[in-house]
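Note that chain A is present in both complexes that follow, paired respectively with chain B and with chain C.
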Partner chain A sequence: MRPKTRPHFILTATCAALLTGPALAQTPAQGGTLTVPIIAPTLTDDFNPFSNAQEDMVRGTMFEPLWVHNVMTREVEFRLAEGFDYADDLTSMTIRLKDGLTWSDGEVLDAEDVAFSLALGQTDAALDKSGKWSDGLIAGVAVVDPLTVRINMSRPDSTLDWYLEPAFIVPQHIWADVEDKLTFRNPNPVGSGPITEVVSAQSNQIEICRNPNYYRAAEGLPFLDCIRFRQYSDNSQIQPALMAGEIDWGANFIADIDRTFVARDPENHRYWYPPNDLINLYVNTARAPFDNADVRRAMSMAMDREAIVDLAGYGYPTVATRATGLGDYFEAWLNDDLDAEFESLLTYDPDAANALLDQAGYLDSNGDGRRELPDGTPIGFDIHVVNGWTDWIQSAQIIAENLADIGITAQVRSVDWSVYDAALKEGTYDASMSWSLAAVDPIQTYNDYYHPDRVGQSWHAGHGMASDDLGALIDAYGQTTDEAERRDILDRLMTFTGENLPFIPLFSNPTWYQYNSTRIGGWPTAEDPFVQPVFYSAGRKLIAFERLYQK
Partner chain B sequence: MAFVIRRLAFYLVAVFVAITFNFLIPRLMPGDPVDAMFAAAGGRMPPETIAAYREMLGFVDAPLWQQYLQYLRSVLMLDLGPSIMMFPTPVTTVLAGTLPWTVLLAGAATVLAIGIGCGFGLYAAYHRGGRVDRFAPVIWQFAASMPQAVTALAMFFIFALTLGWFPLGFGFNPNLRPGWSLDFVASVVMHAVLPLLTLLISMIATWVFTMRNAMVNVLGEDYIAMARAKGLPTNRIMRRYAARNAILPVVTAASMALGFAVAGQVFVETVFNYPGIGQLIVRAVAARDYPLMQACFLLIVLGVLAANFIADMLYVWLDPRLRS
Partner chain C sequence: MTKILSRLTRFYRGNNAGIIGSALIALVVALCLAAPLISPHDPDRRVGRPHQPPSAEHIMGTTRAGKDVAAQALHGGRVSLIVALAAAGLTTAIALAVGVGAGYAGGRIDEGLMAVTNIMLVFPQLPLLIILAAFLGNVGPFVIAVILGLTSWPWGARVMRAQTLSLRRKEFVTAAEIMGESRWRIIAVEILPNLISLAAGMFVGTALYAIGAQAGLEFLGLGDPTVVSWGTMLYWAQSSQAFLVGAWWEFLVPGTLIALVGGGLALLNISIDQVSNPRLRTGPQMKRWRRMAATLDAKRREGRA
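Moving on to the complex of A and B:
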């Protein structure tokens, strides 16, 4: 039922060999150091995966997940676990661990450790990285045998595996005695990941090196010896650091990247910006004029998305071409037939937009060039954008100009984060630019758009279209493992979105990813997209790291 | 003595007022730091988890006066709580790591600026109408009138990024271990050059003017004419008669400058990623890290007040009229 992983090591070796050229199927030699940036005011010697101090530094490198959902390949890549199965009635999940797992201090990693780690969230909501204790799904965790853990659920669910990825497995023999697990600095970290040994820790750099007892050491992994995490306070410092070759892996916005970064060394200075979350203009369908679907459709058709992407986004984002609420990030799930049906809604056509508004009765009755509501009130609203998010402010300005072309007056209002945040959550905005969830499965995105439970909680359900019917449909997805049934549910949600257009898709954010191959090879690229190259996802970072090698 | 006690009482009241404002201002700002903290979680985090964090970080809905009493107690105990950005690192640890760098940079810049600036001022005043008097103040003023951020970026772009003479950032080379080794000290010096130059460029003009004008005033006084008439050596007149009196306004300005030095470093530290308090304040405000913000502001206020107090005491020593 679940896709099996490919034998990971063979893949790693061949891929690396392909990149190095003629050296046929040869495993890269071990050695070398990768330097990556961490955005923080200062680094501290805190190696606790549950604290916020520098989670990007230890999650996925020192502490491994059970498995990783690879959105690029739509496969599950197993790490500590060998596999998992849901019971036939979907009220429990059995996790099988790999044999021969060890901690970096040489102790055996077994089901006790896994059960202990998963159960942490039961007593302390702040440790509940899966969020599934808090929402009542997980009823209990039991050790079946040293290599098997069973999770009992309070209701049928087939999606728990998506949420367990950020739940980190920590050694019971160390953490059981820790009283306050959130503030524990974990000064002598013991983990199961490829790098665990802290060589130096100072305010501007922390160096962590290979795990002497790594369970994949026999395969020659990891190829690299160490990772140096360098402290930078913001993006603008990372750009010169990349240009000067101080760091190997960037994951941040870089202005005019072709000229400032690539041109310095076109051979080694590279970037790849695969699509990430979809950015939408959310409108409040409870208010006029957004309560009329024709107005929403006309607004969508009036938007020149190419101009928005080129002018405001430096050409890095991907123009949204689907009205079904999903971006290119979910390419593997898209339904081209359905998308074709609604394609015209996202095609720039101000004439059609004008015609649609005329037909719907939103006319310019007093001749001032601006349309009024049928009752004569002039149309005017604010588009909320966060202060200082310059690319979005520019996008909203272009949108306002586009809308002016069809006689609709909109003002861009850049507001403080807290105002933006509260207005989106409480649904008290007219129009607001925001992202959408780029999760493991598109149903999570739809859940965030339409589930009544998300109203008031999420930023994206406040548009007024969430309903119990849609919520039930979304819930049904999690109660089946049948692909056809799931496909049908997704199609219905896509159709609903296309027909009603509760929000207006604009573009897909890029995944910021730059790399310098002067010292290090094996990077994910557009030609070899083996993983989405994001540094903030523990699992995907781990997959990428294990392919990297010193040149 | 009565003067000293009166001043001390005044400073105690000032500290109390400052602490109170320090408590109130962040709480009057809109928004909740815990929400900002989890903005990146994209709404995936369950509300229960966020509530748990909120409680742990002390953002409970207690009445303001209770929070205030709690705050007063923690300030007295020097227990300023954990930083939110770098949770669970205590604020005091964060400050202990950054304060020395700011003191080093600000201290060196202020002392050098006063020394160099007063030197120019003194020389210009004594040789009125000379080449130094005509050009130095103008040139320094021109340099100082550029916004500090522009100066810092220009320095960074030319000397660090393009020419590569100086490092791009940090207080020292991250690959070195801190210690009293020659390598490390040399690295600290190399990393301080550009930030220090930037600060000096923007600071020196003030001192040239302050010193020059004070000297010009004093040199017009009768007792200087008297000294000259008596045939005292120029050097002696300059140093014993004129400079000592001209230094009074410089003392006032210097005490203010030292106190505000931290705040003046914001741009420089941000551009050069220098590990000081200036840049920490910016990050703390952006992240709504109340405990850290409050600690930084408290430090600045205490610094300004302490510097003023020292200036008061210096006045007592320099100006005999205050002692009566």
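Moving on to the complex of A and C:
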């Protein structure tokens, strides 16, 4: 569903026949301003893409990536680059740039700028947004010709392209002379994205408008003139602003959205919460009773996921139905046959759970309603959640209720982040609720679950099932570009997860996305899901923004 | 026994503030104590759909999580009241120990104790509580009671010291000293009984403060949200935006109970103040005072005539 562009014969903005997908038949007129919230104590004229100070304002709007991995369509959307190729031995990658790229000040954007930007991470880890200098993969960056850059790698790898999206391309003619690139405020920004010109910057509002030299200007892009970033202190201020129609695009938790937001204007006040990362109940398989797979299966079958989603999550998350460790975020990769095999594990059935525990020898011999381990000690453990994460606390409370129904006593412990963080990473928890990695490819998620290198580093590898065999399998995926081989590796990892259930999938987090179509049209919707509508992802925001137009 | 009863009747006679205050507290305490008997549901379990308005099944509605508000309010009240009483008891005990100790011992001990008291006094209390609560991580009701008890005593200690200092100079204390009574006996028998009304007032005042402070800490999310109390009920009401979605019962019920107990404690506090300091007496108390004065005058005149 990538926008196909045709040459323009008539540049009348209103009736040019530009095909940008099924949602739009005509090129919309240019003009209009999009208002979005930024949660910050105050806004400043800091437009540095490296400092994290106001990244949501500049990344993907002012500074474009080379390409964007669109997980929803499983396609690569090329931006500054026209394409990339891996060498046959997978030890280098060649990036081809589009012809005729310019910076917003009129200078030419060429391979020198790209090589300069990519090489920034070599000397300063803080500028290494890909993380691939730090882990030793990138050995060097070379300019081949004005439109071609080659990245040399220290070992064969076919996954580098996943990590280059956050490596933003900045103009060499400005940044080469900047001494400290992290603290530089970049008050007069020069970028390559659709909006670059700062027209006003106040502490509570910053307005950035159209790039006069945008490389897609001939296509009439961007349709909107400006983005107005408004400062809010927290979610509780954003909710009323959204209700009052002050904000066009919200990316925040809104309580009871149907009653508070949608009901005010059902026609224009809309939301769409497609699945994001999968939330699991991680259990420590090194400890009893979680060392028995039947206990983990029984616990999974005892959980009323519908109730968790409805009550704790306001119905916004998506119920997990697959035991294979991947949520609906990775829908384009899933294997329905495999999922069907394990479906019963995630179906609410307390009777089957009870039967399974009886059969496994975890009985309630003294009739106090609590099952015991075969050695006679009653089963009891804590479920860790972070204090203040109210929806998770409520989820864990429902889980504890469900487990009580099958004779397992679990206590919800809302702990400080530091306690939670350390217990997960060191594997010292009994049970803990946590998310999973949702990036570009499912193998990254499995890497985070099972790779022995991630044990102690990641929150999600401390369950006691990471192994060298699984690590080798995961590594093999990154050393091939063969689709069938990759498919096979994924299938094996899915099967392993479904058979062993080292963690219990609960639900997929929602992608927070509310929009107000009173003034602006072209939004990604459930009917037209051309991109996951994540405001906080530079690339996905960019793709969504380019479709928006003033009504 | 009869002595206590007659004292109680004397305390309450004509003392409307005391009567209303005590009645309010007694009502709420009785309801909370009877929670296991009268509570319609288990406070920790889902028993209905989220945010159901008050009905016959759920007389005070349900929370966003589908739990019964009435059951939570009754059971949660036990936690809130115990915390308030424990914090008040701890505070009063520390204040008495430090105040009487400093006032009676005098000299170096007095200086040392008062230095500590003054330092504790100038600590801004709410920020201190917030930092302590955040530092200790997950703070249950017990920890909150201890935190409140350990931070609320300095004012009381100063008042106790002042009163002890003035009592110390009284003739009966000097007499006891000359007679060679031990220090502990003097403190226990001669001084403490004269501080009882002050200590009672302080106890009630601190309980009032502790009810509010505990609810405040829990409302800010610094308490343990898995324990049901009035403060955590308000926390959950806030986090589920009960106000915005019109589920008024979820915050009104715990809020009203806090207000009732708080109001009752405040009234009781006023009436205790009036007992220990007759100059604060107002209204009916004053009328009684005038009547007594008038009778006395009449008797005197009769006597002379």
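Just so we're on the same page, the second predicted complex is superposed on the first by the 526 of 551 C-alpha atoms of A that agree within 3 Å, B and C clash if a C-alpha of one lies under 4 Å from a C-alpha of the other, contacts with A are read in each partner's own complex, and residues count from 1 in each chain.
Keep in mind that, in the parts below, a contact is a pair of C-beta atoms (placed from the backbone, for glycine too) under 8 Å apart; a residue touches a chain by one contact, two chains touch by 3 or more.
Since we're looking at a predicted model, the values are computed, not measured.
Of the two partner chains placed by superposition, only chain B is touched by A:Gly131; chain C is not.
Of the two partner chains, chain B is the only one that A:Trp435 touches; chain C does not reach it. Of the two partner chains, chain C is the only one that A:Ile393 touches; chain B does not reach it. Within the superposed three-chain arrangement, the count of touched residues of chain A is higher for B, of the candidates chain B and chain C.
When the shared chain is aligned, chain B and chain C each come close enough to touch A:Asp416.
With both structures placed on the common chain, the touch criterion links A:His460 to chain B but leaves chain C unconnected.
Counting contacts as defined above, chain A residues 416, 419 meet chain B in one complex and chain C in the other. Within the complex formed with chain A, the chain B residues making contact are 30-32, 35-37, 39-40, 42-49, 51-53, 56, 82, 85-89, 93-94, 97-98, 156, 160-161, 164, 168-172, 174-175, 177-178, 270, 273, 275, 279-280, 283-284. Only residues 40-42, 44, 46, 51-53, 124-126, 128, 131, 134-135, 182-183, 185, 200, 202-205, 228, 230-234, 237, 240-241, 243-244, 246, 277, 416-419, 421, 435, 437, 439, 448, 454, 457-460, 536 of chain A touch chain B when the two sit together in their complex. Taken together, the chain C residues at the contact with chain A in this complex read 44-46, 50, 64-66, 134, 137-138, 221, 224-226, 236, 239-241, 244-246. Interface of chain A with chain C (complex): residues 239, 255-256, 259-260, 307, 310-312, 387-388, 390, 393-394, 397-398, 401, 412-416, 419.
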